[in-house]
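Both of the next two complexes hold chain A, though its partner changes from chain B to chain C.
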Partner chain A sequence: MSDITLSLAQIVGEQYVSNKAEEAYFYARDPGLMPAHKPDYVVVPETVEEVQKIVRLASKKKMPIVPMGAGMSLTGLTIPLKGGIVIDMKRMNKVLEVHEKARYVIVEGGTSHGLLKACLEKNYPRLRHSVPDSPATSTIAANVMIHGQGRLTQQYGFNSDMVAGLEVVLPSGELCKIGSCSLSPEWFSKGAPLPDLSGLFLGWFGATGIITKVALKLYPRKKMRDVEIFVTDREDLVPDMVYELTHTEMVEDINIFAQPLPVIFKDNHHITLFITGDTDEELEFKRKMIWDSLDGFIKSKDGGFMSLPPVMKPTLLEMPQRSVSRFADVRKGGGFEYSGPIIAVEKYPECSRKIMELASQYDLAYSAMARIIGRSHCMMFGFAFTFNRADPDMMERTRKALQEVAEFALAAGGVYWKPTVDEQRMAIERMDPNTRNLMKMIKTNLDPQGIMNPGNWEVH
Partner chain B sequence: MEVGLHIPFSAKTEFLRHDYFSMDKKKASGLPIGGTMYRLTFDENLCKTCPTCDCLVKCQYMDLKVDEAKEEMIKIINGDDSFVLQDCITCYGCEEYCTRGNHPFYLITERREEKGILTAPRAITKQWVNIGEQRGKYKLGDIKQKILSFGFVPELLELVQGRLFDDVMPSYVFGQEFFCNVVYIHFANTSIIKERLPLIIDNFRKLGVQEVVCMHDECYGAFTSLAPAYGMEVPFKPIHYFEYLYNRLKELGDEVRPLNIKVAYQRPCSSRLSPDKHHFVGDIMELIGVDLVEREYQAENALCCGDVLGMIYGYDLKNDVQKRNIDDMVEHGAEYCVFNCPVCQNALAAKITKKAIKPIHIIDLCRMAIGEK
Partner chain C sequence: MKYQDIIHRCFRCGYCKFTSDYYDFNCPSYRKFGFETYAPGGRMWLIQAWLNGEIKNSERFQEILFSCATCANCVEHCVFTFSDDLVNIFIAAREEMVNKGIIPPPVRDYLKNINTSGNPYKEPANERGKWADGTSIPAYDGHEYLFYIGCVGSYDERAKKIARTVGNVLIEAGVSLGILSNRETCDGNEVRSLGEIGLFQFLAEQNVTLFKELRVKKIITLDPHAFNTFTQDYPSLGGEFEIYHYTQVLAPLIQSKKLSLKDREAKITFHDPCYLGRHNGEYEAPRKILESIPGFSLIEMDQTRENALCCGGGGGNFFTDILGGGEDSPNRIRVRQALDSGAQIIAVACPQCAKMLEDAVKAEEVGHKIEVLDVAEIVVRPLA
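So, the complex of A and B:
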């Protein structure tokens, strides 16, 4: 056993450390297209103190550290680009406190969305959180770290906007509380009325610290939930339709999808609207408001509500939606990756035309999927392609298509969401120089040795 | 000895797939597809000399007196503009109201298409046209000379079970290759019907079947109303499934037990294409001891389920029609609402359940009467 393996074993116990080829293989990759790179060690801590000790050890040895939730970013954010130690957070999976009346929860840094959802449904049926459409094993801390989105994003913004406090292990190994919890027993705010320091960590992909606790805002969970789909063949009208819908403030979530298969979806754009209510009257009132808001488009024959047979609804109402993973195997071989820039809703028509152009150019199966963020403040537009992992040529075509998406997104005024290291580089180059310098100052001061998830958000 | 075709499944698949590909080739060649030759048979004189103009006067969604109705029909016949072409909600009712055997609704549909007057939003129309396209993914049972046609209604695959169907099943067809395409008259698109319906009829012909029990009355209407109206030959005998059910229940005799319940019947738009079969609803209810409530919106006055109205016209019309219909069921003490069309059932089931009325398809109701439900 090497010195470092021994030291890590002393911290977490022998069975939670590995430098074996089997673990190195799995922790070297994610389900996306980024090239694999093996870690030297994998360690699975159970406590905050263990995380601190691991960070201190790595700091002493000047060894890279990559914190990891479920490893499902698809863009290689937990691939240890320079080797070192992958810290798998999944054993830190407890729901610590639920503050029912103040509507927030405190969870450990490796707690999954599935676990929190189950916990709330069982014990707090009037509370919910913003569930993303990633697999249920994806973790809350990683999701807010990448500014994920979920079912409540149209109402309350990015999932990171719903953070109410953080506990972070700094690159020095010190433990730091962020938000109201830094001077109060209550975790009701990540910043206000104090200086908001959460931005030193959220969006940094672990390059400035490791989140060991998250307080997350919870929201009212209504008894009933329903879904409608408004269909249009005019992509240029989608932004106007979304504008009208968001004006009603009656919609829980707005997703838009367009894909050629199955044929029922061919040639059209589908604005999927979710509504909730505690009574039939509430639900119907909202439904009428929503339908009426689009009445002008129905009258001009530019769009209409499709008939949704009851058999389709359970699939659409699932949280998270498994249809995303079914799409991942359209071409068999289980490959799926998407680029999801955050971009103005007005750019929907351009994005939509671009994905069709790329799918045709590179002969790829595609799905366009957009999630409205806030009251039409912006959207995540997912350029999703599926590929066969046993077909290197198809994988290469997918890479090329995604590279073109990256260039297109920046040119169209978009900002990368959970960018690959190449996209991070492109973003940094294009960024306002003073912003770039500020990022450099933050990174250098917090992580002077550059051991935290190196390769990510590196400003040279 | 049983007489049947017993075509191996794979052979049947190729058999029909050939037709599918040949249609593709025709499209690729740019040559006109057979449908263009079909013309609607419509006797203008019958219409011009009609003393009642019931087709429009009886319409439940427009308010016209006889003189005005005649005037508008003449405009429509002459290819002139008429508000009817804008306001018709496509309930199919006028096909039944016309007592002279003409086809007012098909004519309205033709004229709308000629003038480019859309009924539904374009995207909805595209969606439905895409759904019905033949894709070689049909299902065939053990084909005999008599078959059940499920068209392309997936709910029928679940509904059609038990002793009622013992004498025909598993002789059945399902899929777009056997989808009558009548629904496109809702979308003022007769071109697609003229293009596809002959191919559908040909698919049945290739199976060599003699009798087709149509498990949806849109399918029956396609072969007994629409196809003849356009001069398409139908090389088999279509049988309405109501008639089939009625005869089977008679055959089962003592096994049928009276249900002693009060029901409302939701008559679908497609039933207007075969009004001569509507009496079987009452006949079946009588056989199985069911009290069919006498309500306002029944028989000729039946209201649309609202599904198409929502897609085409939005919230208010859909909900107004549904509310009037359901209130009528409640007022007349219906315990069950009996459906003929699964789409109507999907559209109304949740709402009538909230009014303590149980939704049930007529097949399930008949199965209840023989102790299978």
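So, the complex of A and C:
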């Protein structure tokens, strides 16, 4: 056993350390299209203290560390680009405290969205969190680390905006509390009224520290949920429709999808509207407000509400929507990747035309899926392509299409969401120089040895 | 390899390792080992890598493949259209490894013992029927049912008690049955799940021939593993019989008061055997029995029915013990889940589950709080 293996085994136990070919193969890649790179070690710690010791060891040995949740970013953010130690956080999966009246929860750094959802449904049926449509194994810490979005994003912003406090292992191995919890037993705010230090970690993909605890805001869970789909073939009118809908403040979530199949969906844009209520009256009131807001478009014959087939409703109402993962097998090949720039809602028509153009140019199956963030403040527009893992040519065509998306998104004023390292480089190049320098100062000061998820957010 | 056209289609999204409500991870080997490689998605990606020559058949790879308990939690929860084939894929990969002769020593020993002795214990075949000594369970001679015991019930001390209890209860309820005694041989379910398909076919054909020779029409199995292979695999090998797990025969007898039961208070939880539940969809029969016993309250664990956590004995692990040992072994987790439910008794309907969970009760040192009993043993206790 090598010195490092032995040291890691002393920290987490021999069973939870591997330098074997099998773990090296698996943890070298994610389900997306980024090139693989093997870790030297994979560890699965169970406690904060173990994480601290691993980080101290890595610091002493100047060895890279990559924290990993479910590894489902699809953009290679947990691929150990320079080798080192991958820390699989999923054994740290406890819901630690639920503060019912203050509506927040504290979870460990490897707790999955699925587990939190199940825990709340069972024990706190009047509370919920913003569930993303990534698989249920996705961890809360990783999701806020990448500024993920979820079912409550239209109402409350990015899931990272719902963070109410963090506990982070710094690159030195020290443990640091962020937010009200730094001086109070309560974890109700990640920043205000203090300086908001959460920005030193959120969005950094582990390049500045490892999140070991997250406090997350919870929201009222209504007794009933329903879904409506407004269909239009006027992509140019989608931003206006969204503007009207968000004005009502009656919608839980607004997603828009467009896809070529089944053929009745082709060239249409499906504005999917989720509504909630504690009573039939509340639900019907919201439904009426929503219908009224789009009445003008119905009268001008630019759209209408679709009657949903019985099989479709449960699929749409699922949280997370498992059908999102199923998109990977449309070409019977187990692969999909998307570029999801955060971009102005007004750019919906351009984005929509672009994905269809790329799908045609590269002969790819596509799905456009947009999620409105805030009251139409911006949206995530997902340029999603499915591919067959057994077809290298199709994989290459998908890569090229996504590269074009990256260029298009920047030109259209978008900002990459969970960018690949290439996209990070492009973003850094385009960034205001003073912002770039500030990022460099932060990274250099927090992680002077450059051991934390190296390759990510590196400013040269 | 069989299913080669499917393996690359896994997206490794991980739904397969959860319960349906996401309350907990429910893949036994993932729970035990903690690495993604030991989850169904990990296996799929590693099998593909192995077939592509990107990794070798190492000891680790063997442990990853053979620690699968074939519990079918992944089949139940995978979101893709090929979900039904997941366990079959893992068995097909094992078959490839068996055919190349590179398998873990305990697997090799198990298969060799079956081949040479007809049982995994290397016990003489002419002692297979000894478990029934001192009972009134007759040899099969044109009875309505053949009572098939299986290797565990025939040779394992704890399981032998269960076999005797089940046989006695059925006879007391008036069921016409007989056993093969020393003529019985291994049903082959674990042989198949460990990938020795040639040996499995030999055993199955041998059994089918014997059953036909004896004009067997209906079979009651003690063990859900035998129930599974008789139901799922034997028909394609010419073995079409009416197959019942013993709980399916006992449940209507108890409900129709063929057995009169005394009142006895206890909180019971039922552990679903994977080969009765997820593999064959039978969740009700054992529960109907338990619910019929006056005074007993049946309480469910959070992970129940299609979400039940496997005891870790399936897929040959009962014999190879690749999944055993340590606090994170599935049998110990299952016992903790049962304790959380508030139950005083874990009811089982499989001799392998009984043994696995009893070992876990000892390891957890909770024998004073909870005991493991087969459904038939629970029925016997309050018999009038």
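Assume the second predicted complex is superposed on the first by the 460 of 460 C-alpha atoms of A that agree within 3 Å, B and C clash if a C-alpha of one lies under 4 Å from a C-alpha of the other, contacts with A are read in each partner's own complex, and residues count from 1 in each chain.
One rule holds for everything that comes next: a residue touches a chain if its C-beta (ideal position, glycine included) is under 8 Å from a C-beta of that chain, and two chains touch if they have at least 3 such contacts.
Just so we're clear, the structure is a prediction, and the values are computed from it rather than from any experiment.
When both complexes are overlaid on chain A, the residue A:248 reaches neither chain B nor chain C.
After overlaying the two complexes on the shared chain, residue contacts for A:266 are found with chain B alone; chain C is out of touch. In the superposed pair of complexes, A:403 makes contact with neither chain B nor chain C. Of the two partner chains placed by superposition, only chain B is touched by A:280; chain C is not.
Once the two complexes are overlaid on the shared chain, A:291 sits against chain B while remaining clear of chain C. In the superposition on chain A, contact of A:72 is made with chain C only, not with chain B. Contacts of A:172 after superposition: neither chain B nor chain C is touched. Shared-chain residue A:307: touches chain B; no touch with chain C. When the shared chain is aligned, chain C comes close enough to touch A:23, but chain B does not. Note on chain A: of its two partners chain C and chain B, the one contacting more of its residues is C.
Under the contact criterion defined above, no residue of chain A touches both chain B in one complex and chain C in the other. Residues 8-15, 17-19, 21-24, 33-37, 42, 45-46, 49, 54-56, 58, 60-61, 64, 79-82, 302, 326 of chain C are the ones that touch chain A when the two sit in their complex. Here chain A touches chain C in the complex through residues 15-16, 18, 20-23, 25-27, 31, 42, 44, 70-72, 88, 90-91, 112-115, 117-119, 121-122, 135-137, 322-323, 325-326, 328-329, 332-336, 388-390, going by the rule given at the top.
Those residues of chain A whose C-beta lies close enough to touch chain B in the complex are 231-234, 263-264, 266-269, 280, 287-288, 291-292, 294-295, 297-299, 301-307, 309-310. Taken together, the chain B residues at the contact with chain A in this complex read 118, 120-124, 126-127, 130-131, 133, 135, 307-308, 310-315, 319, 343, 346-347, 349-350, 354.
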